[in-house]
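We call the chains A, B, C and D, going by the order they appear; numbering starts again at 1 in every chain.
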Amino acid sequence: MFDDLRDLYQEVILDHGRKPRNFRRLDDPDRTARGDNPMCGDRIELFLKLGADGGIADVAFQGRGCAISTASASLLTELVKGKTAAQAHALADGFRQLAMTGTCPACEAALADDMERLQPLSGVHEFPSRVKCATLAWHTLNAALDGSKETSSE
Amino acid sequence: MSLDLSRIRADFPILSQQIRGKDLVFLDSGASAQKPRVVIDAMIRCMEQRYANVHRGAYWLSEAATEDYEAARGAVAGFLNASDPREVIFTKNSTEAINLVAHSWGRGVLRPGQAVLISELEHHANIIPWQMLRDAHGIELRVARATDAGELDIEDVAAKLADGKAGLVAITHMSNVLGTVTPAERLVAMAHAAGARILFDGSQAAVHRRVDMQALGADFYAFTGHKLYGPTGIGVLWARLEHQERMPPFLGGGDMISSVTFERSEWAPPPAKFEAGTPAIVEAVGLHAAIDYVSALGMAAIETHERDLVDHAMRRLTDIEGLSLLGRAQDRGGVFAFTLDNAHAHDLATLLDRAGIAVRAGRHCAEPLHTRFGVEGGTVRASFGLYTTQGEIDFLAEALVKAREFFA
Amino acid sequence: MSLDLSRIRADFPILSQQIRGKDLVFLDSGASAQKPRVVIDAMIRCMEQRYANVHRGAYWLSEAATEDYEAARGAVAGFLNASDPREVIFTKNSTEAINLVAHSWGRGVLRPGQAVLISELEHHANIIPWQMLRDAHGIELRVARATDAGELDIEDVAAKLADGKAGLVAITHMSNVLGTVTPAERLVAMAHAAGARILFDGSQAAVHRRVDMQALGADFYAFTGHKLYGPTGIGVLWARLEHQERMPPFLGGGDMISSVTFERSEWAPPPAKFEAGTPAIVEAVGLHAAIDYVSALGMAAIETHERDLVDHAMRRLTDIEGLSLLGRAQDRGGVFAFTLDNAHAHDLATLLDRAGIAVRAGRHCAEPLHTRFGVEGGTVRASFGLYTTQGEIDFLAEALVKAREFFA
Amino acid sequence: MFDDLRDLYQEVILDHGRKPRNFRRLDDPDRTARGDNPMCGDRIELFLKLGADGGIADVAFQGRGCAISTASASLLTELVKGKTAAQAHALADGFRQLAMTGTCPACEAALADDMERLQPLSGVHEFPSRVKCATLAWHTLNAALDGSKETSSE
């Protein structure tokens, strides 16, 4: 009945959705931001710890969301750790592109490995109402890096 | 008299569509209902044969359009068993109808310090306007509790009316999440005994039951065209003439005045006073056709059909492991909100969509109600229309079982 | 590029009708325009194939409807050359659009004691909301004069802005009685130089000219779908995002909030904040089709055609003995209001109706303007659309001559 | 071109429209009322002088209106002079019936002569937007007799 949905809900997604990585509060974070998707009531909180060089030393999240937004946030935390703010913004841009169109031809070669790991989320581009679930964490990341407190994917 | 479902389904062009190769199983009528051909045809005929701006046109087409527009008002009055068509004010939807009362009657008649009593069952459309009135005009907002079964807690209503400070009770006639039908006659008696006026948000109820303004005795009643198988862009506020007389206008503009100078204007008599600007002419004509359609089927027959659907859905849904229904009111209509173990509402809706089933996921514009029932994320909601079949409910139930496996 | 009138007329089903055996000569487009087949078809397609409530539906039909609704917003933004589709707020008509500004921006941003400057040319829709704001909020209402030629008295505007008390200028972009087009760019410069914001009532202008929000630099611009060959039940308020951010919401309800508790609610970002409740989905789709239709013909070609009609009507009408035209502005569109010796406007309209000619008689929701021009009763108004022909104007002129004889 | 309109604009109407009878103010009236038809901006003022018996001793009107409303007011003044309030109300009811339907089958025999004189106005029933023009003066008469000050035919 739902076989063609295995494209959207690939095993990686279901796995990260069920057992999100870095799913906790950071003590004493340097930056936090909240993201809201009023459409489905999803809400996440993202915590960043910045290194002396301004890079992302640690990152974690909490909140409640669907499999897709949870998996996306979970993958995010794995990928942006160790990146500079500029690198993280670039990856967020690339991911938004991927989620909306299914590919990111404009993405730099430097992002290739990360984009590869995000590939399982590319299926959302066929589900307009779910794109926002996938991008929520990334909007929130941008907001946290820019120092704004709240964001909404609507 | 029972409904001939296959004939009815043939009346709705959209229902015979295939979506991604699957038959459409439309279970989101509570958000907005599909339109029968007669409604579409009435709108076409209006635009192709009898269209012009209404009122003040001394030529045939304008007279024809005015006649049709006013006939629609008459049809709404008949549908509600109102005693006078002037009690019917056309708005753009329920939301505007309730805002109109909050704004005009609320600021014009309610006094700061008085209270408005709503309930935990309300749709945002019957919450936010009163919050805005509270903040602008200094009234107190009280909220009557819902019981765990999802019924209105009548004792709490009584307690919150006891001090006589409530000037208005504004309550849903049927919850768009739980399906609960509230005891309207009793609420009218309680409100009036406490010296308060009463408004019903009939957005859901008017679609599923016969409502009778003369029998009910309420003060205001709001509903919306697009849920009643009519077009978007039109809603109704039924309001007693005595209230309309006392209310200052809401929107200012053409057709709602009888004389204008720059110093002051005089308002037109009700209901024109509340219908500023060019009204939704084509939509009024479409709503008229929708009312004729449901009236020809018979609201009693529709109610019976929906009662059967509710019983059937109750049996099928409560059978499903891991499914939790929100609310189990005795008196209820065809709206079911639920959660399923392991599956977030949004993921579930996406899965069902792939099977051709249209349901809504989220909080259905009733966030406080979800909070009340401890649902943090959202629920999936299946809501029925007069064209819904038991077979569709069976298909939903099967799909839910499979969906649970998918996410297990 | 000129318009192919016979093809265009074939696009409008109603124009091929006979009324009481006479060809329809529809000269009331200023009140509401007729609808081309593409608009009707788009609305049918919406209801037969792609209808559901918009936003928050995680299924195909709702996604399709949402896409169509937002595409309509994009089309309006393109039509107005807005820099961002979020500047486009859908309302039910122009009247609601202006009331929205008067209410939200007026009470939220204007301070008591500040002034709003309107003019003698205004339609009631751009008078009454400001009178209501004056009475509720204590602002001063100033009225710029019209000259005897029916133009806006720019010196009087300057004088009434001179003390810097005006917070808003709210002026028609084209008079619905005199046809006068006001010097919009100049007014923007004057208003801004005086520290005021500026709103245009573009209900008439947007139909006849290309309007360009980026070039104009105004703050608010209102127009209405049904005059632009679109459906009833939909209008547009274009508003800069910075203003939308500062404005409290107008109607409260679903879709305009981001979170709700009974204590307080948080508003959704613009423009959702101003679109409470189920919007006019089918009508937005119809308006989109109307915009595509006029855009394909080209606003420049439409303007040229109408300029020819205006020149022709000027010649033919001024030839008629006993006919007095209201206003003779240099820059004008296809709207002519006049009186005829011996014949009361209403009687005249009835006569013309018998010849198949649809014109309006009365004060056209601009009573103070009629008072200004010393017209106590009313005028007859003939107004043109893109489908109007010179032949129709000739026929009107002949009928007027005969009508004068009839009443002589 | 307008030949079929001779039914609506019969010579009587045009004549009363051009030269309305009793078109003046009454000095020191016992009752006055104003009637408004916002549709076309028509406005009339009606003046009544009552006799010792409460009957209508004199009646006149002023204002501005179309041929139909003016003729209707003019005929009214000719017909109600000398009538009691009850008779005048009955005639007003009969006339409203005539204007809306073209006949008044329910009209009493006592009204027959008066209704005959009003017959030329019966043509308005085919013109829904003009019925109000014809009835304006009669609404105003009712209002004057009942002692209310203003009325509107809308």
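The working rule: a contact is a pair of C-beta atoms (placed from the backbone, for glycine too) under 8 Å apart; a residue touches a chain by one contact, two chains touch by 3 or more.
All of these numbers come straight from a predicted model, not from anything done at the bench.
A.B. asks: Treat each pair of touching chains as one step and give the shortest count from subunit B to subunit D.
C.D. replies: Steps on the shortest route: 1.
A.B. asks: Using CA atom averages as chain centres, what separation in Å is found between subunit A and subunit C?
C.D. replies: Chain centroid spacing, subunit A to subunit C, equals 45 Å.
A.B. asks: Quick one: subunit A and subunit D, Cα centre-to-centre, how many Å?
C.D. replies: Their C-alpha centroids are separated by 78 Å.
A.B. asks: Averaging over Cα atoms per chain, report the distance between subunit C and subunit D in Å.
C.D. replies: 38
A.B. asks: Would you mind pulling out the distance in Å between where the CA atoms of subunit B average out and where those of subunit C do?
C.D. replies: Each chain's C-alpha centroid was found; their separation is 31 Å.
A.B. asks: Note the residues in subunit A that touch 2 or more other chains, in rising order.
C.D. replies: Residue numbers touching two or more other chains: 39-40, 127, 130.
A.B. asks: Multi-chain contacts in subunit B: which residues touch at least two other chains?
C.D. replies: Touching at least two other chains: 56-59, 62, 257, 259, 346, 350, 361-362, 367.
A.B. asks: Could you classify the connectivity of these chains, where an edge means two chains touch, as line, ring, star, complete or other?
C.D. replies: It is other, because the touches fit no line, ring, star or complete pattern.
A.B. asks: What chain-chain pairs meet the touch criterion?
C.D. replies: After working through each pair, the chains in contact turn out to be A-B, A-C, B-C, B-D, C-D.
A.B. asks: With touch defined as at the start, can you tell me which subunit B residues reach subunit A in the complex?
C.D. replies: These residues of subunit B touch subunit A: 344-347, 350-351, 354-355, 361-363, 367, 370, 376-378, 399, 402-403, 406-407.
A.B. asks: Residues of subunit A touching subunit B in their complex?
C.D. replies: Touch list, subunit A to subunit B: 1-2, 4-5, 8-9, 14, 39-42, 64-68, 127, 130, 133.
A.B. asks: Given the complex with subunit A, which residues does subunit C contribute to the contact?
C.D. replies: Residues 55-59, 62-63, 66-67, 257-259, 268-269, 272 of subunit C touch subunit A in their complex.
A.B. asks: Using the touch definition up top, name the residues of subunit C that touch subunit B in the complex.
C.D. replies: 13-14, 17, 19-20, 24, 26, 28, 31-32, 34-35, 39-40, 43-44, 47-49, 51-53, 56-62, 92-96, 98-99, 102, 123-125, 127-129, 131-132, 141, 143, 224, 226, 231-234, 249, 251-257, 259-262, 264-265, 276-283, 346, 349-350, 352-353, 357-362, 365, 367-368, 371
A.B. asks: Per the contact definition, I'd like the list of subunit A residues that touch subunit C in the complex.
C.D. replies: 36, 38-40, 127-130, 152, 154
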